[in-house]
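Common to both upcoming complexes is chain A, partnered first by chain B, then by chain C.
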Partner chain A sequence: MRDKRGTDKILSIYWFVVLTLIGGGVFAMVYVFYGPPYDVREIESEIFAGRIADCLSRQGTLNPNLFVEEGFNQEIGNTFSEDCNFNFNVEEGYGDEIQYFYKVEFYEVTDLEYPVFSFYGGNNNWEMDCYIKKENSKEYRKLAKCTEKRFYALDEDKNQHLIKILSVIGKSEKNAKQ
Partner chain B sequence: MLNNKNNKKAQVGEFLTWVIATIVLIVVLIIFIYASSILSATKYLKVNLSDDSGESVDWVTSKTQFAYTISSMNKNRIQGWISQAGENG
Partner chain C sequence: MKKKGTILVENIVFIILNVLFLSILILFLLKQGSGTLVLEQVYSKEIAMFVDSSISGMEVKLDMEKGKKLTEKSGVDFGNAVIITGNFVTVKFGEGKGYTYAFFNDVVVSANAEKDNMGEYTGMYVFRIKEDRRGT
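Let's look at the complex of A and B:
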């Protein structure tokens, strides 16, 4: 009678251990399957391009800061990020390497091949990733995500301009499976 | 005496069954966790903005529409160029 009670006790502890093991296993499986990484870079680069476009044009008219008397303001590239309140150092874990890049090109309607003016900001090392043909392999998934947006706007003198924005987000460490 | 010996043998046998069952359980769990790590891929989140009627809306495209209300000269040429976005990059 005494022995049996001891065995029952050990058996119930064992069942608790087994239950914990199975519960832990199911949790681990669900976490591994549905857990990180979530690649949000595509959305981020879309939003970034939208913010750049917002800063360039309002209601169809280009920002007057883009122009000086002689034409395009060649210094705009130096102040654009600041003027538009872009802060590239917001995330920890990347050290000093900036994880963003943008390039803005202006075209005339008469020449759609070559831009008449362009400027860029951020880390231009990311730009090359946009021109590499992406395949569905692990290495390619680590490449930066790029968004190209084009739109049309006029300056204050009603001159037509075509604008091309390239926005790039690096951050593969946190968004792509390593 | 003999009865006691037989009883002990049975106890050892039963204990071994439980140990092996536990090991099998752990191995199966490890296989499943490994399989789910292989099957799990990076989840790509995409944005698809749409208006009340369900039409997809592009933030930047609306800027072009505003500009057309000021001047729609060369509209076809401009639209052609805009629609090439992403084809070269």
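Let's look at the complex of A and C:
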């Protein structure tokens, strides 16, 4: 009979090479899965848009503070964040840069192309991120997450308006792999 | 006779090493899913999300049993695992500095670990949304 000890040893070494490869693969997959932070910005921007909508309208009627005798209250943008209880303080890592942005546009139902009134709050540098086509790459994942919400509401004179809300969350350091 | 004995020892060593490898792999996978860093991040973001959605007067109970087990292992008081300061929520299950996430809803929130009749932690955390910062 032939002595197969040499073959067996080679097989064992081969087997451990295979195990090492499998182990390395599992480690890599786990690292890819658990390594990047959980990205909650989409949910956060949806909640943010919902809160803005709640602040603008209750049961289908627009907040009276949005209007003055002459029409829309042009000053509403200055106090809206405070009136709606928004606090834009963020964690230390971001410095003083605000990580939130919102824009509200009002349209007449007869002209849905051009807004009759709009205002915004937060850091408007984030807005451009919403118009960039997002691809599934590392750099694109760092872009801000946006939510657009639309609804109809009546003013006190029962005029119908379309309201578009754009809400944006930056916070890429806490939500995307750097 | 001597030759057969050598083969047997090799086989046993081979099987032991295989079992060891698989055990380490399984332990690694289990540890990654329930690690302190991962859970601190998950809970702090979860808390921030429901605080953002809530209005004053709400009370929310959150099951943090997994976090309680981690605090028991690391010897940290579960009652201090969640700290809310201003609009920041910090969750800490170990000796590290924990994980902090900000919420935009400007409300006063209290966080308390629930205890049973025996004074033991139940693993639940109770969050009370008291009022917004303007007091309305």
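One rule holds for everything that comes next: the second predicted complex is superposed on the first by the 140 of 178 C-alpha atoms of A that agree within 3 Å, B and C clash if a C-alpha of one lies under 4 Å from a C-alpha of the other, contacts with A are read in each partner's own complex, and residues count from 1 in each chain.
Note that a contact is a pair of C-beta atoms (placed from the backbone, for glycine too) under 8 Å apart; a residue touches a chain by one contact, two chains touch by 3 or more.
Since this is a predicted model, take the numbers as computed values, not measurements.
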Answer with first, second, both or neither: which of chain B and chain C does A:85 touch in the superposed model? second
Touch check for A:28: first (chain B), second (chain C), both, or neither? first
Could you say whether A:144 touches chain B, chain C, both of them, or neither, answering first, second, both or neither? neither
In the superposed arrangement, which partner chain does A:166 touch: chain B (first), chain C (second), both, or neither? first
After superposing on the shared chain, does chain C or chain B touch more chain A residues? B
Looking at the overlay, does A:19 come into contact with chain B only (first), chain C only (second), both, or neither? second
Touch check for A:43: first (chain B), second (chain C), both, or neither? both
A:174 contacts which: chain B (first), chain C (second), both, neither? second
The shared contact residues of chain A with chain B and chain C are 30, 34, 37-38, 40, 43, 47, 50
Quick one: in the complex, what on chain B touches chain A? 18, 22, 25-26, 29, 32-33, 36-37, 39-47, 59-61, 63-71, 73-74, 77-78, 81-82, 84-86, 89
Which residues of chain C touch chain A in their complex? 7, 10, 14, 17-18, 21, 24-25, 28-29, 32-33, 35, 38, 41-42, 45, 48-49, 52-53, 86-88, 100-107, 132-134
How about chain A: which of its residues touch chain B in the complex? 14, 18, 21-22, 25, 28-30, 32-35, 37-40, 42-43, 46-47, 49-50, 53, 57, 59-61, 107, 109, 112, 130-131, 141, 146, 148-154, 158, 160, 162, 164-166, 175-177
Chain A residues touching chain C in their complex are 5, 8, 12, 15-16, 19, 23, 26-27, 30, 34, 37-38, 40, 43-44, 47-48, 50-51, 82, 85-91, 100, 174
